[in-house]
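Two complexes follow with chain A in common, the first pairing it with chain B and the second with chain C.
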Partner chain A sequence: MGDKDIALMAHLMRRAGFGAQYEELEARAGKGYEETVEELLHPENNSNRMDLDLGERYFIEWNHFIRCVPEYTAFRMINSYSQLQEKMMLFWHGILCTADSKTQSYVTSHAELEMLRLKGMGSFKDLLVEISKDPAMLYFLDNCLSHKGAINENYGRELLELFSMGVGMDGNFNYTEDDVKECARAFTGWTISNGIPGQPYGRYPASFAYNPDDHDDEEKTFLGHTGNFNGEDVIDIICQQPATARFISRHFYDYFVADEAQVPSWMDTPPRDPETIKMLEDEYFRSNYDIRSMLRVLFNSDAFKNARFARIKGPIETVIGTLRLVGDWTTPKPGFEAIFEEMKHMGQEILNPPSVEGWHTGKEWIDGGTLVRRINFIADHVGDVSFPGIQDIVQKLASEGPTISPQGLVDGCLKLLGHYELTDENHQSLVEHARKSGVSSTDAQEFPKHVSEMLQMIVATKEYLYA
Partner chain B sequence: MVTEIAPITFEYSHTIGRQENRSGSGFFYPIAITRDEENQLYVLNRGSETPAFFPCKRVTVFTVDEELVREFGTKVHPEEADASAPDGTFMWPTAIALDKAGNAYVADEWLNRISVFDKDGECVAKWGTLGDGDGEINRPSGLAFDADDNLYLVDSVNHRVQVFTKEGRFISKFGRFGTGDGEFDHPWGIEIDGNGDVYVADWRNDRIQKFDRDGRFLMKFGTSGQGDGEFNRPTGVAVDKDGIIYVTDFKNDRLQVFHADGAFITTLTGEATLSKWGRERVNLDPSMVRGRERAQGLIEKEKLFHGPIAVDVDDEGRIFVVECSRQRLQIFRKQTANFSGGPL
Partner chain C sequence: MTSNKKDPVLVVLQMTGAYDALNTFIPYSDPHYPDYRPTLQVGPDEVLAVDDKVGFHPGMGPIKEMYDQGKVAVLQGIGYPSPIRSHFRSLDIWHTAEPEKMITEGWLGKAIRDIDPNKENILTAVNFGRGLPRALAAPGVSVASVGDLSNYGVLTGIQGDDQRTEALDIFARMYAPMIGSGPVSDYLSQTGLDALKGADILSTAPEMYSSSVEYGGSPFAQWLKSIAQVHLAGFGTRVLYTGVNPGTFDTHANQNITLPKLWGDVTSAIGDFYEDLKEHNANEEVVMLLFTEFGRRVQENGSGTDHGSGGVAFVIGDAVKGGLYGEYPSLEPEKLDSGDLQWNNDFRSSYATLLEQWMGLDANPILGATYEQFDFIK
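Right after this comes the complex of A and B.
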């Protein structure tokens, strides 16, 4: 197992997870790349290696998830061995969007996120059925206000525009306004039961209810098909559309491979990599809309393996990845609120996407304020030698020999951060800086500080913004 | 041949509590309960991890008739949650017990200290040192006084029980990590019965263990599961004057009741109704009244235990079950119809 294998594993774990410490990269690489992909694709076969009962003991609010759901969600992303399961939960949370700012019910949002964990790598068709019955979604997009004879188009429109097909493809519209209305008619009667008020004992999870008396069972014509369609029928038709295959494939590409154009421009902006998109579209139909199969094809493709540092990390990826790197929050402790504040100020608040369109990605994550916040957060953490992950990096570098050259220090830090790559200019600047510090002995008292300062300089580079 | 039948049933009495995030009549993640000699109830509130609610009140004193008496203690901000935290503040409080003089002892499993409050709620003492040596503690999670006013403390991460004077001087200890008799895995609640025997909720071993006052193992019951007599992380244990044992089966959302020998009697899953404090809150907001009237399945859902975490019993046969996730306690009354008969 050489550096190339570990570098590839670092790439996989940055994309299919939230990054990993070097020791984990070595262990996973030792299992083999394809074997690791399979392990990530099948969380049901593996322990997530989390002591969630202990977590609940200390974070009492996790009991029944009436509160503290963002904390729980972040804790899982940091600590779950089944990293792809959490990454897919975040993926769908950013596409099949609901926001707690409207639903105001953590316990209901939690049920949705659990559903995304369970169904997020199964059949896309099943996932659309589940999200259409999801109480948070039914409330968030007003389908509970859509009635036979008096439809509310909101859910029907977003199901087509943002959840499955997109407005258009290859310069053509994918559906008409009539399709939106007919779609909404098909979902009449899909609602939520009257919930229990939050006072005096706190909220209860909302529940799906189907009201046949309020369902419009008359004939509908949707995307060229005619029948007395209900919601499941409409979803079945949606899943048959080439536009759906394209839409999901482009989302996968943007999330896992490289920054794509933003969703609103997809009608007129062709995919960045049509060949890879075609490969994913083919697998979508071949596998009968199976998300896991599409991910398998993607992760094992050369297009994925070669797309190193081609996408800008999102705020949640940045914060969670940093905490995983330094080994913080492996067990509950007070003060988690500050972690959310970081994500929020970097532009991504768990459970509160800015709109039903989700978060814009890529360079849109970065502005003057969020950039400073991001770099300060990472630099503060990698500069703290009390963190076990940073101590491990120091020890690994020290174990290489009694002295280390300036270039050895820079290259060693880059490697242990996950085989990061710098431009020649930045690399040379860091080597010069290391040379000026004059520290070469790895058992010198100031060596840990010397290492942590180098880590801080690396994470402040433009290259480190990318995953 | 003499036949003895002692059927035990439980009648629901009433519910006390409501969600009250900061201060006043109600609770915010209640975690422990005790009673004073006047039968006033002391509920310790864990509170939230969200600083927006700080400094939420921590100990609520009230009557069985749901009259607020007083409250004391405050939550400290996470940034100040260390050994320098001001007297009378908590971060992760877990347990409360009263000595014979009525002073309240509160354990905090983050600060690793015991805070002592007098009857007026003034913090008059504190002690506790993090560690695993004799007298040192790591995440205290259960407190109970014996008849001699010695304090039995569940030292959860050290997987043992330590006995202290009420001034905090180490007396003895028993238990260690493991699954065997007398061994623990993150124990939580503790109870001392009228004989001085000690019951410990062996949380991660999903069982209850009983010891004599000197820590000698006497018996155990329970195993992991959801069936009768099985547990999913038992948190609290209480024993009434007849030796009946009550266990909050935390993650199974139920209270289980056992004979003194550990034989299963019955399970309670909750009968909660609208409390007095709850009604007062609901009546402040007409939309809340209407919301409750039209809510579907309210009675069936609202009555159930959600996170039963602590239990206490009094000499009148009342059982007080604290539910952390529903900010309330449910009160039941034991009914025993003793019948003794023999050949005519």
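Right after this comes the complex of A and C.
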């Protein structure tokens, strides 16, 4: 097992998860790349290795999930061994969006995120049915206000525009305004009982209810098909569309491979890598809309393996990845809200995407304010030698010999951060910086500080903004 | 850097959470008012009346005082077409001045681009708070966003002055744009260098400042103090933005307890800020806009008020022609909009007034249309 295998594993874990410490990378690489992909694709066959009992006893707010759902979600992203399951939860949460700013019912949002964990790698068709019955969604996009004879188009429209087909493809519109209305008609009667929000009587979980009396059972014509369609029938027709295959393939590409154009421009902007998109579209139909099969093809493709550092990390990836790297929050302790706040201030508040469109990604994560917060957050963490993950890095470097050269220090740090790469100029700058400090003995008292300062400089680079 | 102290400066204060218009600027003598608010009503003896019909919430003493001096324009019945009762979407509409569709450019972001098209001053706009509001966002516009002015900068965690200086030198070298590295990399370089330079300049503001005014301890009061420091430092900053945390004014419950305290904190901070400017002879060059995302339900829920529409906003400053603008929405039950105040005054009219009459900008390209303006600027 060479550096190349570990570098590739670091890449896989940054994309299919939230990054991993070097030891975990070695262990996973030892199992083999394709085996690791399979393990990640099958959380149901593997322990997530989390002690949630302890968490639930400590964070009593997790009881019934009336509060602290973002914190719980963050705890899982940090600690679950089934990293892809959490990464897919976040993926779908950014596409099949609901926002707590409207729903104001953590207990209902929590149920939605659990559903995304459970169904996020199964059949896309099943997932669309689930999200259409999801109480948070029924409330968020007003389908509970859509009635026979008095439709509310909100859900019908977003289902087509943002959850499945997209407005258009290759310069052509994918559906008409009539399709939107017919789609909304098919979902009449899909509503909730135990309404949201809970004020003033308290917060109870809402649940899906189908009201046949309020369902418009008349004939509808949707995307050229005619019948007395209900919601499931409409979803079945949606899933057969090439536009749907294209739309979710582009989302996979954007999230796992490389930054794509922003979603609203997809109608007119062709995919960045049409061949890979075609490969994913083919697998979508071949596997009968199976998300897991598409991900398998994706992770095992050269296009994926060769796309190291082609995506700018999102704020949640940044915060969770940093905490996993330094080994913080492996057990409960007070002060967890600050972590959740940090993601928010970097521009990505879990359970509050800025709109039903989800978060804009890529360079749009970065502005003067968020860049400073991001760099300082990571630098403050890697600069703290009391964290176990940083101690491990120091010890690993020290174990390689009694002295270390300036270049050895820079390269060693880059490697242990997950085989990061710098431009020659920046690499040279950091080697010079290491030389100036004059520390070379690895058992010197100031060696840990020397290492942590180098880590701080590396995480402040432009290159480190990418994953 | 040139100091343009006399250039008009806009300070925007975002009262996130949606303050209750009806109990902020109160139609205290309207016979319907006590019916809608059996437990939450503010009595005629408590209201800070401005005439025989309306008056300020009793917690808003400092603003009432400025109103009496003719420095406050009350924008009654403010809102936008097809009101939306979601905090986020509604704020977004106020930020982008676009109720019809989602766009990413903010109205102030575009204004900043017009003020400083060649990006000569990276501190043309400064935000105080956590994260940049979309109002200030526009491609190619750099806005410094500061959580804590006394400790703002890149790599603030590096110990030792020499080490930090060297680290920042390396940082500047590493973010230098490289030929042929592409637009995204160039953008990241520019953002990194602007942040570094902006932090350098901003960090000098507190040292240059002294004042007899003592601000309160709330984050909002401290941010207003930082705004005073930055303005008085003469960096040429033209747009300053801050607010309260999301949900602060979201008084679904216990409104009688929370609203007086919130308005007390907010308006004392505004009063202190004005006094501070005055002490430094800088009160004439600043106008404040105080707004929230929407109004609240006319009928109380027994303890608080739920999301509604039709709000009230305030423009404050020496340059303001004080008084009432727009109409107070009718409380007649049949004139409510699904139980909410019916707005009558498009918020973009006030934006246009501020942009043209105060900031001296062409409002049409920024707002995408021409709106009737008020005459609340002298």
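Simple rule for what comes next: the second predicted complex is superposed on the first by the 458 of 467 C-alpha atoms of A that agree within 3 Å, B and C clash if a C-alpha of one lies under 4 Å from a C-alpha of the other, contacts with A are read in each partner's own complex, and residues count from 1 in each chain.
Heads up, the rule we're going with is that a contact is a pair of C-beta atoms (placed from the backbone, for glycine too) under 8 Å apart; a residue touches a chain by one contact, two chains touch by 3 or more.
Since this is a predicted model, take the numbers as computed values, not measurements.
Engineer: Does the superposition put A:Glu337 against chain B (first), chain C (second), both, or neither?
Structural biologist: A:Glu337 sits against chain B, while chain C stays out of touch.
Engineer: Please determine whether it is chain B or chain C that touches the greater number of chain A residues.
Structural biologist: Counting contacted residues of chain A, the larger count belongs to C.
Engineer: If you stack the two complexes on chain A, which partner ends up touching A:Phe285: first (chain B), second (chain C), both, or neither?
Structural biologist: Neither: A:Phe285 stays clear of chain B and chain C.
Engineer: So in the superposed three-chain picture, is A:Ile66 touching just chain B, just chain C, both, or none of them (first/second/both/neither)?
Structural biologist: First partner only.
Engineer: First (chain B), second (chain C), both or neither: which does A:Gly369 touch?
Structural biologist: second
Engineer: Considering only touches as defined above, state whether A:Tyr210 meets chain B (first), chain C (second), both or neither.
Structural biologist: In the superposition, A:Tyr210 touches no partner, neither chain B nor chain C.
Engineer: Return the residues of chain A at which the contacts from chain B and from chain C coincide.
Structural biologist: 199-200
Engineer: With touch defined as at the start, can you tell me which chain A residues reach chain B in the complex?
Structural biologist: 53-54, 56-61, 63-64, 66-68, 71, 193-202, 204, 209, 333-338
Engineer: If we count contacts the way the header does, which residues on chain A are in touch with chain C in the complex?
Structural biologist: Per the touch definition, chain A meets chain C at residues 99, 101-102, 199-200, 259, 312, 341, 344-347, 352, 354-355, 357, 360, 362-364, 366-373, 375-376, 379-380, 383, 423, 425-426, 429-430, 433, 436, 453, 456-457, 460-462, 465.
Engineer: Okay, in this complex, where on chain C does chain A touch?
Structural biologist: Listed in rising order, the residues are 86-89, 92, 102, 104, 127, 130-132, 134, 137, 142-147, 152-158, 163, 166-167, 170-171, 173-175, 178, 184-185, 187-189, 191-192, 194-195, 198-199, 246, 252-253, 301-304, 306.
Engineer: Can you list the chain B residues touching chain A in their complex?
Structural biologist: 17-19, 26, 29, 31, 46, 48-51, 78-79, 81, 91-92, 109-110, 186, 188, 203-204, 233, 250-251, 272, 274-275, 277-279, 281-282, 285, 287-288, 291-292, 294-298, 301-302, 306-307, 309, 324-328
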